[in-house]
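Residue numbering begins at 1 within each chain, and the chains themselves are lettered A, B, C, D and E in the order written.
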Amino acid sequence: MVGPIYIIAIALGTAFFLGFFKKANRTFSFGLMLLAMAFMTFISAQWLYAFLTQNQETVQIFTAGFKPPFSISLQMGFHESIFLTIINVLGLFSAIYLFGHLRDKGVNMMMVFVVLFMGLNVVVMTRDLFNLFVFLEISTIAIIGLILLEKKEDAISSGFKYLIASGIISGLLLIGIIAVYYYSESLFINDIIASKLMYVKGGTIATFLILIALVLELKPFPANGWALDVYESAHPGVGAIVSSASATAGIFILFKLLPAFSDSAYYIIAVIGTLTFVGSNLLGIKQNKATRLLGYSSIGQIGLVMAVIGLTPYLGDKTMFIAFGLLLTHILAKAGLFWLAGIVKSKNIRDWAVIRRNPHLLVLMGTFVFALIGFPPFPSFFAKWELIMQLANSSGMVWLAFILLGSFIEGIYMFRWFGYAVKGENKDLPEFKIHWNKILPAILFAIGLYAFGYYSSTLTGIAGKFNYLPLLFIVFLYAIDFLPVYIKNTISIAGVGYYLYTIYPGLEEYRLVFGLIFLAGGMLTLLAGYAYKGKRQGFYPLTIMMFAGLLGLIEAKTTLEFFFAWELMTAGSYFLIIRGKKSMPHALSYILFSVGGAYLILAGFALAHIDQNTFSLDILSNVQYYAPVIFTLLAVGFMTKTASIGLHIWLPGAHAEAESDVSPMVSAILLKAGVFGLIILMLHMGFQSFGNVDIYYILAWIGAITAVMGNMMAAFQEDAKRLLAYSSIGFLGYTVFGLALMSHLGWLAAISLSVIHFMFKTLLFLAIGGVVWRVKTKEMYKMGGLIKKMPFTFISVLMGIIVISGVPPLTGFGGKWILYNAVLDKGWFFPAAAVFFAGIIAFLYCFRLIHTIFLGQLKDEHREVKEAPFWMLVPQYIILGVIMLFSALPNSLLKPIGEILLPYFPDGALEWQGQLAISAFGYWNGKLIMFIVVGIFVTVFAWLWYMNRNAQKVKQFNIGYSAERPSLPETTHFAYNFFAPYKKVLGFLVTPVISNFWDDVSEGIHAVADKIRRIYDGNAQNYALHIIMFVVVFYLIAFGGFYGI
Amino acid sequence: MKEDFKKRTVISPDGKPIEIDPVKDYFSDAKPKVYKPAHPVIEKFANWARANSLWVLGFGTGCGAIEMRPLMTPRFDAYRYGIQWRPTPRQSSVFVISGYLSVKTLKRVVRTYEQMQNPKFVIALGSCTINGGMYWDSYNTINRLDHYLPVDVYVAGCMPRPESLLTGFEELKKIIKEGRGEGANKYAENFDWYKANQKKIIKDWDMPDYNW
Amino acid sequence: MEFSIKNIGYALLTIFIVLNYGLILQGIIRKIGARVGRRYGIRWYQPYIDIIKNYAKRSTITHGVMFYIAPVFRLSGGIGLLLFMPVIFGSEIFSNFSFAGDLVLVLYFQFFGILGMALGAAESGHPYSAIGVSRGLSQVTSFELPLTLGVIAIAMQYQTLNITEIVAAQQGGFLNWTVITNPFAAAAMLIAFLGAMGRSPFDVVLAPQEIPIGPPTEFHSGLLGVLQLNRAIFPVAKLILFMNLLFGGATNWFELIVKTFFIYMWSVFVGVVYPRFRVDQSVRWFLTVPLIIGIIAIILIRF
Amino acid sequence: MVKKGFILLILAAMAVIIVGAFAGFTGNTDLGYVANHYASNGASEVGSANLVTAVVVTYRGLDTLGEVTILFLSAAIVGFFLKVENTDNKDRKLKYVSEILNTASQVLVPIIILFGVYVFINGHLSPGGGFQGGAILASGFVLMFIAQPKKEISHKMVTILESISGVSFVLLGVAGIIFASGFLDNTILSLGKFGTLFSAGAIPIIYIFVGLKVGSELTSIALSLKENQNEA
Amino acid sequence: MIEKLNLENISLAVGIIVILIGLWGLLTQKNLIKIVIGFALFDTGIHIVMVSIGYIKGRTAPILDSAVDVNNASQIVVDPIPQALVLTAIVIGLGITALMLSYVLKMYQKRKSLEINNYKDLKW
């Protein structure tokens, strides 16, 4: 094995040697440098391999042949080898990435580059305090040198700021070191640790100075203005190095020296880390320059890692796993993003839409962004999971809250940025070129993220349980993305179908119901995909991602699996939603609410895990502490997906702007995930209350108000898909209400309504999607009279709205009937009355939907519109068939569901006599009603038809019009603001109070961020002052409080 | 011709231009049909019902219109004779055209008449409808209504009292019961003649020949 | 109870009786209205003549399929509503198909006709139809709320949704009638009933002077005839529903006629006294006074 | 003004902190155990009479390598930074240099350079060493630049010298691993007789390279600044 | 108090004062060159502090020449380590100062200004 000392020798030798080649072929010089980097990487990787596989012992390397403390020694242990490998791999790829630049700028910069990584390596390995200082200075100076790769004015002035700042920081460090030397009489770190300086007079402050200097090297908020300027102005390749490599080294120093500090240093680091994480991310949301944004994010992420290290007392032996997970993700993703920034060259995040010209770059960017936020299957997901679990387990609730808050804020700007990239306007933006050397590292890092994600999942203790098959299927679909739609569609349907076939025997109870909704429903909706032509790039992997998530929910046996699937589903659905034309802001609010909800779920699970050793979902059944809090957290989390009132504002836009066949997926299928979550939650946790307040009663009210508000909003919409979206909100309100009843009938209603909602919402969204497909607008009042052009679609919509409105004989009535019985059973009349009121309001939007689009006056420009595409009609008519079946034979739907519920709610079940359902209060014979109604209808119709068989067909303007006649279809079609008088009375209910509230929240956060970031006024002196103030403030905090005690 | 009824080109959602001829595309251009009376027995019963259920559509641009309103009041109470007012030509069977008709209003009258369903009856109220009355030499009133529409009953007078109108209704009833109330069929049979007369008066003819 | 062929015969009988009763009732009510206005008024059999006249119209036009089948929906809704209720308590013949569903079915089946009619009216392309529908639906939603509260209160009171059982529970003298035993629920429902009947002051839906009779403005001839049949059957069906729920039902046709007549008169009284409300006024009103009454009813039942 | 007051306040707090760090400073009465080891065994282990040199070159040789690297970095960065494309000396306006300075420099520069060489060669025996010697060496060149602005020194030569000495330093360090017991171990050569020129193992050689390197680096920095001054 | 006024304390105090003066200059001067000078002072102050830490009263420099007995060196010489460290620190300081000055030079060349407030393009 090659000794680590050769890293220094090789690097320095190369650096010095390069001096001979000033004028020689620069590519050759670069090759030499690359060779050195590769060799360094090789050495560190080789050690890492040894540590991982061969039980390698930690090795001390003595220089000059003397033992420490008399000489400087290096240490190569497991942790060192990991960090070295990370740093060197990053160095290697950075070098490749910077190939062109380094070559053009000459040998000097190559020297600086090699020396930088040498410095970082030694910083990691050295066990001598002063030596650490020297090599820290080397790496700092080298970075300042690399900043000059961009010889712009900006870069120069930021380099100067960096110099001033690092000068002060290293000065402080040096003062600390020399004082420590005085007290401990040695510079060997082990000696310093052994001499317990924190108990020595003056030693406390000396170690504090070292600590604060090391922390300052990590650019803590708010003493980090200089770093941000560097991130913004330096070449992105250098930004990647600063953000990843030097921060990694910095983290390791902190880690290495921690034992030398007082125990309360942990708290200081944790406070600073958390403050940095939250603060930096907060300021990031106001940022619109890409590289600076990445700077804020980098600082935030490093703050988080710092916080994790500081939280070691809480996290115990999980610290390393968490820190590594977060750090690794940060390094890979941030470096990747910086590199992309270098390729795309758009300063403003709004201009990142150019990245779309190469969809693969977009995939890379998505990978990095989602990895940063902590989505599965990336390492950060598992790390964050462990972090939150451990924090909850050791009562670190405040930390938990702040970390989740910070993560959430980071999500805001990261997803906004990603949204701009996916959806921004990219017409007038300049082209960019992709060089292999720039893209290769990013690709490898993205692959690395996935690989490490997989690796971390094997480390979480439930290794191998994750179902990676669907994920592989996603990859496969991505690989065949160049094929035309019909092939991919067939493969997708086959894939989902096959999977359903394989898991079907294992599904039981409510999992079966939801499994069928998710997967069979998915297949059905996918059928509509045949209507699309071309390639539909990216659609299939994303769709399958969502279905994989949904599938995971069904299959989840542990909380981790559940959360994994939940996040996967969120990501997939986010991508699907953002594919819509104008869906950028809506997708953003969707993902933010989802992420927020997911964090609540995470927190809920974490609290539930307290004092429980298993990860099984059953922990919810025997929660030890905070049961009502857990219930509330989880319920709210799930209700972000069911879009209950207050958490609903993401839904209308997201569903409305999505593509024609995506809307049914996200509306009819995806929302059920929330219902599924609630079902699991309620089954496991049972009744909960805060004191005397029954949470379920509150839930019932939430459901009822959601229903009323959702339907009311739907009635006043002008946009057809938005109307349907609000209708979904309303309908999910019924479902939540039904679940909250916690009785057999309530649940029967809820689950059957879920099934029904799936059916008619798929039907309606596909039908309306077909209409929108043809007429290219969603504004209903711009349509009209389409029944003559699209009769089949009309029939679908007609049946759909009859189901929604719950009018017998169709199956929607079944749900209403059960709900009535359930309410009478339970006795919660007021929310129930609201629910029924909502049911009546449904008539308003139902009628409006069908009238404004299909009836009334056909518009000029729609005179030649064709029927919706065949493949959009196919799933509709399949669903129609099922609806008719369930309507005529209600027990084919309700009886099995009832049987599923029997074990949980044995009382109050329906009694079935054939198709006659009998409850404690009433009875209902769906089949008979169907026959009677159809019988009467047919008879009357036959008679009328006989009477008026010779009726003259007329055209649309042949109406009695007070002796006049209509002049334009637009002015004759009564459609806009259809329920004006109703709005006059009840319109106050639909003032967007909640949207305004969230808008205010968002604006408030932005305003605060904007105010705070003014401290970064660009003046190097002020930055210096910040650093000193930072020291002073934390001195006061530490010594006014608890340090050294 | 009104601007809205001229031919226009619109762009379909697919981006193709579409030619729209509103008069053709938005109005049915079918010709009126002659409906043969049913079997005499049935027809007689039906005529009885038609006579006892006179749903009136009033056309009141002239002074005579004011004489129609009192029929609804307790003093005259036309309801007891099975006479009721309907607000729409679709549902009405009797068209009461009161007073003088200008060229402009004739167009509306024709349109409204054509929108009523067969069988339909016309009562012309006042002298103006017979010979133009005091407006006989006006440049823009018509003089004789039955050149343009088949009129079943003329109620003379300038203006006729409500009692006269009631008498007119009674007369109409008689006509219907006798099976002579076939104005609608007459209109369809002599459609070309009526149209020619109408078009002679109405210069800017911008509607289909028959307004369904 | 199972369905058998003879049920159809019973149903036809019921329809026949109710149709005639409905037409005559219509005539008489209009006559009464005329007398209040010091007119002689129509002949009591005038509704018959009107229907025959409309069927005797020779020509018909149609705006499209929905337009054509709207009256079918409407009449099916009326007939269905009637047939899903026990008309005469204790009579097997006149219980019709009430074994198919309970009170909830009846409440929701009302909308079958309304919805179908609305669709047909809308297809005529006439803006007044659409305006009428808009008004109608707005009003329906508002009076449904007190109605629902009342129904819940009554169902709670009798612990059943079975109309026959509700009627059975009210037997034995008028003191057992819901209107006495549960006055608030009855009040809420009777106010809602005013809205349901669509008479003044809640007749802005039709508003002949403003939007020529609203939704059916384009219907004529046979199509209008079917609607007229429904206007005979549907109100009676509603009357029977309220009679069953509030006034102890009827054990014979005479009792039925008397009770329904007086229930109808309630709406007539109100109608001749009050002028028409605008939609927003009626919605506002339904969502204040009757709603409060309904809430009181629920509170009284609950506690 | 307010800001200055505030800065004063902050600095006062800073003073408290720094003084606090040395709160336990009571002066020394004896060497710490590491220093003691150096003082007691430095002569025998390293063979350098100058203990500071022993510490600098051998015990803490890696530091020295680091600081050489820092100078190297600075030189490289400054060189890169201030690189002048298309140097055209003819257009330069040069300041008038006094005759005295010019003449004196001609005498002094060789002496200074010689002195510098002396200092780093004798670094293990007397005060001084590679850095000091290198600095003196460079100061000689700086004097030359000032006195004879027109005189050109090949920057390339300086760089090559720098590189040679750097590589040699590293090679010597590696040789320590191979031939002795660790990186930068000076015992690759015999320790020789204590207190003589050829003693202390590789220290003199290392110090020669360090001296050359420091000298060339500093010269290089000065050269870069000089070449660039006209752009100002 | 008086007994504390020995050489090492005085030099330590001087060092700290120089540090603070340096910082003061760094934080208040608006001229870039003066800021660099402030930094150099700050650095120098630290060096003074370092040296004073290694001082032992009454001892000699750690050079084992004729004046120092090799075998008894540990009783005679002052601590060599801070001296070695300060050597390194000085060189590092030199490197940084050189870099700073070249940055200042370049900034001045680009914008013809030495006023620090003129270099605030990057912010927020």
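In this text, a contact is a pair of C-beta atoms (placed from the backbone, for glycine too) under 8 Å apart; a residue touches a chain by one contact, two chains touch by 3 or more.
On a predicted model such as this, the values are computed, not experimentally measured, just so you know.
A.B. asks: Under the document's definition of touching, what chains do subunit C and subunit E have as common neighbours?
C.D. replies: The shared contacts of subunit C and subunit E, listed by label, come to A.
A.B. asks: Quickly list, by label, the chains bordering both subunit A and subunit B.
C.D. replies: C
A.B. asks: Taking the mean of each chain's Cα atoms, which chain ends up nearest the overall Cα mean?
C.D. replies: A
A.B. asks: What is the distance, in whole Å, between the centres of subunit B and subunit C, each centre taken as the mean of its C-alpha atoms?
C.D. replies: 36
A.B. asks: Go ahead and note the Å separation of the Cα centroids belonging to subunit D and subunit E.
C.D. replies: Once rounded, the distance between the two centres reads 16 Å.
A.B. asks: Determine the centre-to-centre distance between subunit A and subunit E, using the mean Cα coordinates as centres, and give it in whole Å.
C.D. replies: Each chain's C-alpha centroid was found; their separation is 50 Å.
A.B. asks: If you average the CA atoms of subunit B and of subunit D, how many Å lie between those two points?
C.D. replies: Chain centroid spacing, subunit B to subunit D, equals 116 Å.
A.B. asks: Among all residues of subunit A, which ones touch two or more of the remaining chains?
C.D. replies: 130, 134, 137, 141, 144-145, 175, 179, 182, 187, 952-954, 956-958, 960, 1025, 1028
A.B. asks: Two or more other chains in contact with one residue: find those residues in subunit C.
C.D. replies: Each of 59-61, 212, 217-218, 221 in subunit C touches at least two other chains.
A.B. asks: Considering subunit B alone, which of its residues make contact with at least two other chains?
C.D. replies: Residues 33, 88, 90, 212 of subunit B touch two or more partner chains.
A.B. asks: What are all the chain pairs that meet the touch criterion?
C.D. replies: A-B, A-C, A-D, A-E, B-C, D-E
A.B. asks: Under the definition above, what is the set of subunit A residues touching subunit C in their complex?
C.D. replies: Interface residues on the subunit A side: 785, 787-788, 791, 798, 801-802, 805-808, 813, 816-817, 820-821, 823-824, 827, 829-830, 832-833, 836-837, 840-841, 843-844, 846-847, 850-851, 855-857, 919, 921-925, 928-929, 931-933, 936-937, 940-941, 944-945, 947-948, 950-954, 956-962, 972-975, 978-982, 984-986.
A.B. asks: For the complex, which residues does subunit C have touching subunit B?
C.D. replies: Of all residues in subunit C, those touching subunit B are 34, 37-43, 46, 49-50, 52-53, 56-61, 208-209, 212-213, 217-221, 224.
A.B. asks: Could you please specify the touching residues of subunit C with respect to subunit A in the complex?
C.D. replies: Contact set of subunit C toward subunit A: 3, 55, 59-66, 68-69, 71-73, 75-76, 79-80, 83-84, 97, 99-105, 108-109, 111-112, 114-115, 118-119, 122-127, 130-131, 133-135, 137-138, 140-142, 144-145, 148-149, 152-153, 155-156, 159-162, 212, 217-218, 221-223, 225-226, 278-280, 283-284, 287, 294-295, 298, 301-302.
A.B. asks: Can you name the residues of subunit B that touch subunit A in the complex?
C.D. replies: 2, 4-5, 8, 10-14, 16, 18, 20, 22, 25-28, 30, 33, 59, 88-90, 108-109, 111-112, 115, 207, 211-212
A.B. asks: What part of subunit A is in contact with subunit E in the complex they form?
C.D. replies: 130, 134, 137, 141, 144-145, 153-154, 156-160, 163-164, 166-168, 170-171, 174-175, 178-179, 181-182, 187, 225, 228-229, 232-233, 286-287, 1013-1014, 1016-1021, 1024-1025, 1028
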